[in-house]
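These are the structures, in structure tokens.
Each of the two complexes below includes subunit A, the first together with subunit B, the second together with subunit C.
Presenting the complex of A and B:
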């Protein structure tokens, strides 16, 4: 308890320190919201391993005093271009943040279709504070986890994305965060709000890239509303650096006949933890929460999903696959809750992990909590190493061992990638998978030619 | 009648069905004063004429218990237990001090066991298969059959209070070695106030010549039962042990907090089966037993095996996780479970398989059937330690929901700390498959029979693990429960 107090207090002190400089400080409702946030955080505190949702994830011992909120100068470091992720991206619509600070020179909003507003939180607080108030201020502060409450208090950046009724955008829109290029460790609390009104469609790609070597602590909260019959595809790519702590909480509400598809791809990060909570609120609502992670060194990846089936005829699907090498650790905690009267729910959950090293560790806790009888729910969890028979098969056909291993890892991850319905994004992630594989061997092409 | 209406009708029928073991035996009892204190612990120990070391260990446990908070992580809800409101020792007066020969057992008690269908005379049951029985009535063992015959082959099967006198060194060495008193609050309470239970010792190389069994009966009012079972299987031995439990219908909740410890040496095997049919409470959820039991087996030797099979139909709340610690290389742990809950019953059960040794394997098959307003939880842990090279686990837990007022939950914890370990977990939750029912009905099988068939198929993997003697009983129990709950 004392430990926890010690870990919690510096964050509270930091809030007292920066409170007056936070964006929107003139808005009384936001001030009240921040205050409720810090009070909640002080009561709950920093999670410990006794917190069930953090059972397998220990927050690294960080000295929060070392971590500073970013200032304008931190954002102006010399970054001249954004690496393209999608193959044929021309005039890619995107917002770019460096060390949490918006960089208009790298962003591109020239092709933004009508009916879409896409702007940084700081700007939206000036241009449309009523909308943000309507999204944030529910009857009481809903955050019941320490870090999301802290985010409510400290939010200083983030993106507001809003698609008007019936507007459908096919091309993916990007939000790019580049971190790790500051001269001191930086802590950031981005707060994103994505609202898709009825019948609209959009694809969002969020990239978190560690482009430097300095430490950073990212504590993001994303609030998503997918209106009736709307479709949101939400892909996240984490290529954080070894010193990064990346915590993300995503709260989603899915309306009638609406679809929320998300895929979280993580390679890297000292600690990368994504907690996705989906409420299927309308009949015919569907969600697909999937992901893949490839970790090595002492990296740690934690995926938490909680799906609430609140009404009849909703479906959920989850496929998570992970590859763990060296002393890396993977965690999957998934929970499907079928509420009373949510009949004809269909829920499927799968977690599979491949261990490449004896020191790697995988912990899984797939949960079902069911209060209705006419349901089909299942979950599966497996952990194992590379199939020796498959390896032997490939080697017996002359494939060198290192390449054979890489092929098997690649095909293992490929099963999860199939959950991505956007072809361009799927291909781009498949490219990142190959990039991650141990490179001390031929590629397939080289081998065929040799 | 539509399928749904029929279901509701059937659930109601079952609700009305009486718990047939709910009678009370009118017998004079001797009890310790109500409540819990060091004096009660001393009273129990003195009653059993125990050696000093055991009293010391009881008091140590009691003092530790006082410092332990009530656990809060469980799913079942129940009001705080009033530990001072129960009797911790209750024995039929006629039993006097210590075990006696069968001829001296009170005829009332003999009648009770006869009514329960348990023979306390050395007859041969079921087409010539003899079975040795230890009968525990409230806090004491009232009779143990076939003792002499078992002793011919060197097997010790007796009440644990007798074992403490006869072979104290064995008891001292092993009791508390698998479940230490610090394990959890209810185990700690048991370590302080346990009264009786069975002790089994199978010497090296002996295959126990018959099934051993213990029947637990809670009779007295406001009494908790705290029995302790210890089974030791020496190198190369084998034993199959069965346990059955019943209690009268009472309005208050009675606590049953037992500890079962199993130890297998090299190449030994223990098969432990339970048919738990404690009084489940009435249709409004009043009364019933709180069955909070700590069961754990240690596969200490190489190639040893421990297999738990349980059929859980009774108790207001069942809260237990029969577990295996797979320490010896190549050891095997198994857990087969059927849990049926109805009305307001709650069950939070499952297993833990802790893989420590090389090439250890475990298998978990759990079938849960919830009906009425009941709530059921499978909670399990599979842990692959860093040295458990080549270890394997397969887990399957399926839940069947009958009616829209009940709940079924699955919470498996899977921890893998080495790459060569293979862990597979599967779970499904569904209602009875309409297509299967339709198929059977189409072939002229009436709905009720068709359901019985489907459900029987659902439980089959577990039922067939039971020794024949118990399988008959368990199948009957499952049938009774299902006859009324599915339609």
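Presenting the complex of A and C:
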């Protein structure tokens, strides 16, 4: 308990210190919201391994006083080497943030279709504060996790994305976050709100890249509403650096006959943790929460999913695959909750990990909680090593060992990538997989085309 | 081409091969027959270099060079090919990708230009037609969900594209119906040439009706017990392996 107090208090102090410099400080409702957030955070505190959702993940010691946000330092933190990184980005509509600061010079909104609003939170607080208020301020602060509550208090960046009724956009829209090249460790609490109105469709790609080597702490909360018959494809590509702590909580509500598809791809990060909570609220609602991660060194990746099947005829599918080398650790905790009236629920959950080293470790806990009687649910978790017979088979055909290993790793991950319905994004991720692999390996082109 | 001298090998600390002597010249087809558990697959793995199969004594000379310390991929690139008794399934790797990487790895080793996608597809299409192999086998993941016959045909396809100098076929006939047996043996017969040596390992004489060997050897208790011409196969078919101290199956 004492430990927890010690870790919690500096964040509270930091809030007291910077609150007047946070965006929207003149909005009374936001001030109240932030207050509620910090109070909740002080009561809950930072998670420890006694917190169920943090059972296998120990939060590294963060001395938050060392961390700064450019958003409250009222200035730009030095950043170079950005253009180079962006050159391989999917060249399209995007907002680019560097160390949490929006960079209009790198963003591209020229082809934004009608019926879509896509802007930084800081800007939306000025242009449309009523909308933000309507999204944030429910009767009671809903956050019951320490870091989500802290985000409510500290939010200083983030993106607001709204798609009007019936508007359908095919091309992926991108949010790019670059972190790491800075004079001091960077802290950020982005708060995103994505609302797809009835019958709309969009694809959103969020890229988080660690450029450079300095530490950063990112504590994001994303609130998503997928309206009736709407489809949101939401992909996250995390290439965080070794010193990064990246926490993300995603809360999703899915309406009648609507689909929420998400894929979280993570390579790197001292701690990369994504908690996705989905409420299937309308008949025929469907979600696919899948992901892949590739970790080495002492990196740690944690995926948590909680799906509430609240009404009849909803479906959920989850496929997570991870590759862990050296002393890397992976965690998967997935829970499907089938509520009493949610008949004919169909739920499938799979976690598979490939350990490349005997010091690597995987903890998987798939869970079903079923209160209805007519349901189809399955879950499974496996952890294994490279198949030595397959390796020999490849080598006996002349394929050098390093290449053969890479091919087997690639094929292991490829199964998860099949969950991604957007071809462009799937290819982009296949490219990142190749990038992660050691030594020489197959080119992406060959892989994808086969 | 292949000269095995006093070969002893252990698997999991147990001696399985206990002094094999065998010479196979270019242009020849040799058959090795023997009861289950006599060490036939062990011999094929030792020749191709599988981990865990340890040579404790003797030599395997391939064109005068000892293979025993060589990595399996180098052996393959140098022209040694093993058609597996139990071909391995590799989920997620399309057969065509597998074949292309294998062919190009071998070409790189030999100092030849790699085949680009176009060239490769052209080559592989011609081969599948030549061998009477259905094209959809190329798209599917390596051996995953293949029938026993398809797996063996896939081995023959790999052999045909890799163009080995020494081919070892481990019970390629087991579990095949007559049609599949014909595809497989036609494939092997097409490869018969003065520059190539083929070692056919089998439990039954049946395959040897299709691939007629120049020499037949009986392997039992980790040793070649007897060698002879193709008539030895007929004798084994009739009498079984009883005279080698193996109970009839």
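Here, the second predicted complex is superposed on the first by the 418 of 450 C-alpha atoms of A that agree within 3 Å, B and C clash if a C-alpha of one lies under 4 Å from a C-alpha of the other, contacts with A are read in each partner's own complex, and residues count from 1 in each chain.
Here is the rule we use: a residue touches a chain if its C-beta (ideal position, glycine included) is under 8 Å from a C-beta of that chain, and two chains touch if they have at least 3 such contacts.
Predicted model only: the values in this text are computed from it and were never measured.
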Contacts of A:211 with subunit B and subunit C, given as first, second, both or neither: neither
Partner chain in contact with A:27 - subunit B first, subunit C second, else both or neither: neither
First (subunit B), second (subunit C), both or neither touched by A:242: neither
Partner chain in contact with A:340 - subunit B first, subunit C second, else both or neither: first
Residues of subunit A touched, compared between subunit B and subunit C (which is higher): B
Partner chain in contact with A:412 - subunit B first, subunit C second, else both or neither: second
Which of subunit B and subunit C A:53 touches, first, second, both or neither: neither
Subunit B versus subunit C as contact partner of A:401, first or second or both or neither: second
Residue ranges of subunit A in contact with subunit C within the complex: 387-390, 392-401, 403-404, 407-408, 410-412, 414-415, 442, 446-447, 449-450
Subunit A-facing residues of subunit B, complex: 73, 384, 386, 399, 401-431
Contact footprint of subunit A on subunit C as seen in their complex: 48-51, 71-73, 75-77, 81-82, 84, 87-94, 96-98, 100-102, 105-106, 109, 117, 141, 158, 162
Residues of subunit A touching subunit B in the complex: 52, 56, 340-341, 343, 353, 355-385
